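Here it is, the structure in full.
All chains are identified by letter, namely A, B, C and D, in their written order; residue positions are counted from 1 within each chain.
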Amino acid sequence: MRFTRTSAGKERKRIMIVVLKPNATKEMVQRMARRVEEMGLKAHVIVGTERTVIAAIGEKRDAERETLESCDEVEKVVPILAPYKVASTETKEEPTVVRTRELVIGGGHIGVIAGPCSVESEEQIMTSAIQVKEAGAAGLRGGAFKPRTSPYSFQGLKEEGLKLLAAARKATGLAVVTEVMTPHHVDLVGKYADVLQIGARNMQNYHLLQAVGETDLPILLKRGPSATIDEFLLAAEYILDQGNTQVVLCERGVRTFEAHTRFSLPLATVPYLQARTHLPIAVDPSHGTGIAALVPSMCKAAIAAGADGLLLEVHPDPSKAVSDGAQSITPAVFAATMADCRKIAEVLGRPM
Amino acid sequence: MRFTRTSAGKERKRIMIVVLKPNATKEMVQRMARRVEEMGLKAHVIVGTERTVIAAIGEKRDAERETLESCDEVEKVVPILAPYKVASTETKEEPTVVRTRELVIGGGHIGVIAGPCSVESEEQIMTSAIQVKEAGAAGLRGGAFKPRTSPYSFQGLKEEGLKLLAAARKATGLAVVTEVMTPHHVDLVGKYADVLQIGARNMQNYHLLQAVGETDLPILLKRGPSATIDEFLLAAEYILDQGNTQVVLCERGVRTFEAHTRFSLPLATVPYLQARTHLPIAVDPSHGTGIAALVPSMCKAAIAAGADGLLLEVHPDPSKAVSDGAQSITPAVFAATMADCRKIAEVLGRPM
Amino acid sequence: MRFTRTSAGKERKRIMIVVLKPNATKEMVQRMARRVEEMGLKAHVIVGTERTVIAAIGEKRDAERETLESCDEVEKVVPILAPYKVASTETKEEPTVVRTRELVIGGGHIGVIAGPCSVESEEQIMTSAIQVKEAGAAGLRGGAFKPRTSPYSFQGLKEEGLKLLAAARKATGLAVVTEVMTPHHVDLVGKYADVLQIGARNMQNYHLLQAVGETDLPILLKRGPSATIDEFLLAAEYILDQGNTQVVLCERGVRTFEAHTRFSLPLATVPYLQARTHLPIAVDPSHGTGIAALVPSMCKAAIAAGADGLLLEVHPDPSKAVSDGAQSITPAVFAATMADCRKIAEVLGRPM
Amino acid sequence: MRFTRTSAGKERKRIMIVVLKPNATKEMVQRMARRVEEMGLKAHVIVGTERTVIAAIGEKRDAERETLESCDEVEKVVPILAPYKVASTETKEEPTVVRTRELVIGGGHIGVIAGPCSVESEEQIMTSAIQVKEAGAAGLRGGAFKPRTSPYSFQGLKEEGLKLLAAARKATGLAVVTEVMTPHHVDLVGKYADVLQIGARNMQNYHLLQAVGETDLPILLKRGPSATIDEFLLAAEYILDQGNTQVVLCERGVRTFEAHTRFSLPLATVPYLQARTHLPIAVDPSHGTGIAALVPSMCKAAIAAGADGLLLEVHPDPSKAVSDGAQSITPAVFAATMADCRKIAEVLGRPM
């Protein structure tokens, strides 16, 4: 047993494993080790019969990885640490609690945000707000600026929609959660919203992430449909890096070969993320399945899996919705689902 | 509004939509319509400006689809009915209940099958059996013939392992659930097992499906990691078609771009399948995640989603397991998880 | 054989198939048929034994799909036409040729765009430009504004980088292709660029698509890593809809379970798209594989598959690149690859 | 710079990196290091600030990986070597050439195998054989035992089909390539076939792999639709491990979210595998796309990518094929495609 100690004083030392190619000669190994040291890292060479690896130890996080990987002598580089940091439980252990009006998500609190896909009319959003409030929601969702796959689809009521959301808030006290699609709308949407939502298509729209990071509003960040967990947390990191710490992560399903549902909803994301980040984790079973009949089961499953929040599409009459009707549930189904979720949360010791 | 009635007397009529290419001439349309009729189907032509479609109506299920799709005039063929039938709720509405010893799965009953990945020794399997029984399992899992990705990995104790399983059953009364990998082992494994398991890698091993279909033992059929729901149900159909109606379907995770878990576990499979088939649906969170720390959450989520059963890897000392140690939970974690699952099942009105 | 004619005069009629649930009663069928007619569509009901379908015929494209799908009586709605139109060969048959300086892509012309991932320094971009020009490229790529997964990675030289690109163009005559990440940069980047690139992460950043659609510069639109073909063409449609017809589509690999390459590069996209759209199709084997050693083979394969263009990362010294070094090829490898590609193009009758 | 030498005499030493959890205490580190040494491995501890890793050095390949991964102290284990060995270029550098009759695949030779999906009749297979031979194929494909997704689909002519294949071989000299689905058919199929094909659904049917490994016939092993490269090579390893070295690997497309093609065909597999294994690599563009119109482009792309062989569905009249008609090309298209492929192969210096 041998020990290589890398720490000295207060410096933080990280480890990266550089795997050399099978045919690497002694000279190549020494050249690479020198190169690693020129980068300001400490090199520790471990020689096996079929492979030699260099443990590169130093301050930086991942910066040199690509450079090393492109060297002729190198087969691959294995980073030992995850690339995100502010979002990590390594940086902050206690859970972040996101709070606005009566909506509280995280740290044992379960927050439910419900409402229609799009704001369509005063009557529609007001009815929706009253009904979801009654059934126990603390947040009201509703799109005013709508990202639509086709340019020929309804694009939202825009500022008019924001005003209707604000009116519904006034009537019910619900926190308004609505999407912002582009940096120059952040101020406008921020005037009306309690929580700014970043949609799945914009998870890696970095200028937008930075723009909402500069506000002091809570952010609901939806996972991109093919984002890895590291990419998801690094997107959050763009927001956190601007000083905004009120970020809720939302799993909304990933794109897989499965075609019977709109997306595949991997609920294991919930406990997996909870072990890695202090940010609260919400689940969106509406987009996660795309089928109203599956939404109640997936709400219950999300709560049982430990989710800190739910984001749900509820419409007074889904068959008349201008968008996402197929995945919207009725207020009655929502109320019954909430009742079941509350029972599950209670027996698991996390009353909602 | 126009009506085309296709039924006459007792015949069952099915509909398939044949979409012709944009440039299809009147002659091509007529030729295709004749072709459809030569197949014994009734053709109903609907002419649009940009496309013409032919609704082909008849007895057969999907048989002509590929033939029609390969015709030059045809852009695509859209089948209206699912290709499975015996497994379908259209054929039999009441849920199938699979029963053997004290293990009951389906029709409101939740059955739990637990135990180690591989049978390793008499002590190991006996301890496992006693511990999982105590915590509430009714079935004992344990591999005697092991399908392993590498030929250099442990391949199981084979018949010796089967004997140890039988001894554990004798001591505890648990139903033995174990995998059979090839048709010529069906008799041997069937001598010892209460339930024959078909592993994910063999979901489309049709000779094996037919061989177990000829037995009168219940079958636990695991979903292949990239099987669609139709392929999964058609695999069950191979078993049912031999006359064996005691089939449990098991969702065990699908292969996606997600690499932080071994597979992605799409729990929406549970309610989706329950609406389409009368067969009971179990969930395997051990393979579905590959990480022991995620298993308890996913068990609870599966029960909340309405699963009829659980299949779980539990090992007296996971760090000493010869296989799948990383995804096996300890008996203590299993007991705590079962307690939570029972609470959830109870508040949802399905006591287990 | 029966015919339903839907066209009369000059109207364009489209067909959508509404599949009713198995248990739909006669009353439900009639209610749905009325509903379809209330939407201004013509309803044609086809009654099978197990399912009834309604062929809904009318002017609109997909608008009513979601509404119909959310009706209780409806199992699913099958659109018969693709949702894009301006990009479609149904709208314009002759291939679009995108031209700027000596770069010509489409209509039999193969255009090659090469250069480093990021602009790093005057010397680096000038050397790159001269070397790729010499080997036969007509376009110079190089990122000045860089979308990076991590906020801690190099974010580009910004306007300084754009100036260096312009200088390299002046020296070589190459057309400058560079990414624009957010609407308010369109003017700035447009001052220096010959082609505006929309990166994969921004394929569904609709405000950005509209902003570049308002310029008169050619656009290189990269496919999102989990975008379907319809989503890809609808993203192009957002640009075309603003009146900009100079759009090159670029396949750059999709996210799948494969982890040995950065993405999976499905070259069948090339002939598939060529049959559906008049826009030219380029391929990016650098991102498509993420591994420099695989790039030459994939360039040759792309040309053999019929690609109208290539987008490639070439760096004077990949091991010193600040980004994407692992997937950048050297100028020497690029020259050899170009020579092979020219030979393939020539024997296939498409000299480049 | 420090060196740890692990080799002594003739032993082969391999390296595995054990990453400990962030909170691992000094005692935990020492306990793990002892555990690694008890396994007969040499432990080298490298202490960073945020993580400690243990380089475990020893003889065995991957055996202890799972055991270590399940220890409480361990976050993950990173193997440095691939788990396959006999198939690896590390074991044998010169390419394996698979030869039977006039079919030669590998080592610079490109072998083409063509014919219908299923053997349907004497006339059909005889016509097919003559036509594909004329166009340059050296192997005749044709299924006699057919694995079909549905039990209600045509299952093949069985032994009668094998006899027809043998007759076609007699008439043309083509090598017969046909699928074997279950171990107890190996003798029967082996009586008639020149090459035994293992279908994608059976890639991990280990008893079947071992059974064909015991024959002295060449094996064509198709990649499973969601198999990783390691799993693919380990499946080959099951065959090689029985002493049969004549194995052709066949890429036939993987299952992804793309639905416009039957599978996604990642041609980068070809150069990637060629760098890792000495076994020849064939490509099947028929299953890889599922659409006849895409097959010629993908054949040309596969040859340009460096494939050692092609496996293709060609049918005298695809619209009358009993299976896979939609992806079968006509003899005329096949002949034209072969002519193009020959030109590409020639200009790339690998005449076929």
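By definition in this document, a residue touches a chain if its C-beta (ideal position, glycine included) is under 8 Å from a C-beta of that chain, and two chains touch if they have at least 3 such contacts.
Being a predicted model, the structure only gives us computed values, none of them experimental.
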Most distant chain from subunit C by Cα centroid: B
Shared interface numbering between subunit D and subunit C [over half = same, under half = different]: same
Centre distance in Å when subunit A and subunit D are each reduced to the mean of their C-alpha atoms: 37
Centroid spacing, where centroids are CA-atom means, of subunit C and subunit D in whole angstrom: 31
Whole-Å gap separating subunit A and subunit C, where each centre is the average of the chain's CA atoms: 26
Numbers and ranges of subunit B residues touching at least 2 other chains: 226, 255-257, 259
Residue numbers on subunit C that touch subunit A, as the complex places them: 61-63, 66-67, 69-72, 83-84, 147-153, 181-184, 201-202, 204-208, 224-226, 230-231, 234, 237-238, 241, 255, 292, 318-326, 328
Subunit A-facing residues of subunit D, complex: 1-7, 11-15, 17, 19, 22, 30, 33-34, 37, 43-51, 53, 55, 57, 78, 80-81, 90, 255-257, 259
Complex interface listing, subunit A residues touching subunit B: 226, 228-229, 254, 256-261, 264-268, 270-272, 275, 288-289, 291, 293-294, 297-298, 300-306, 340, 343-344, 346-348
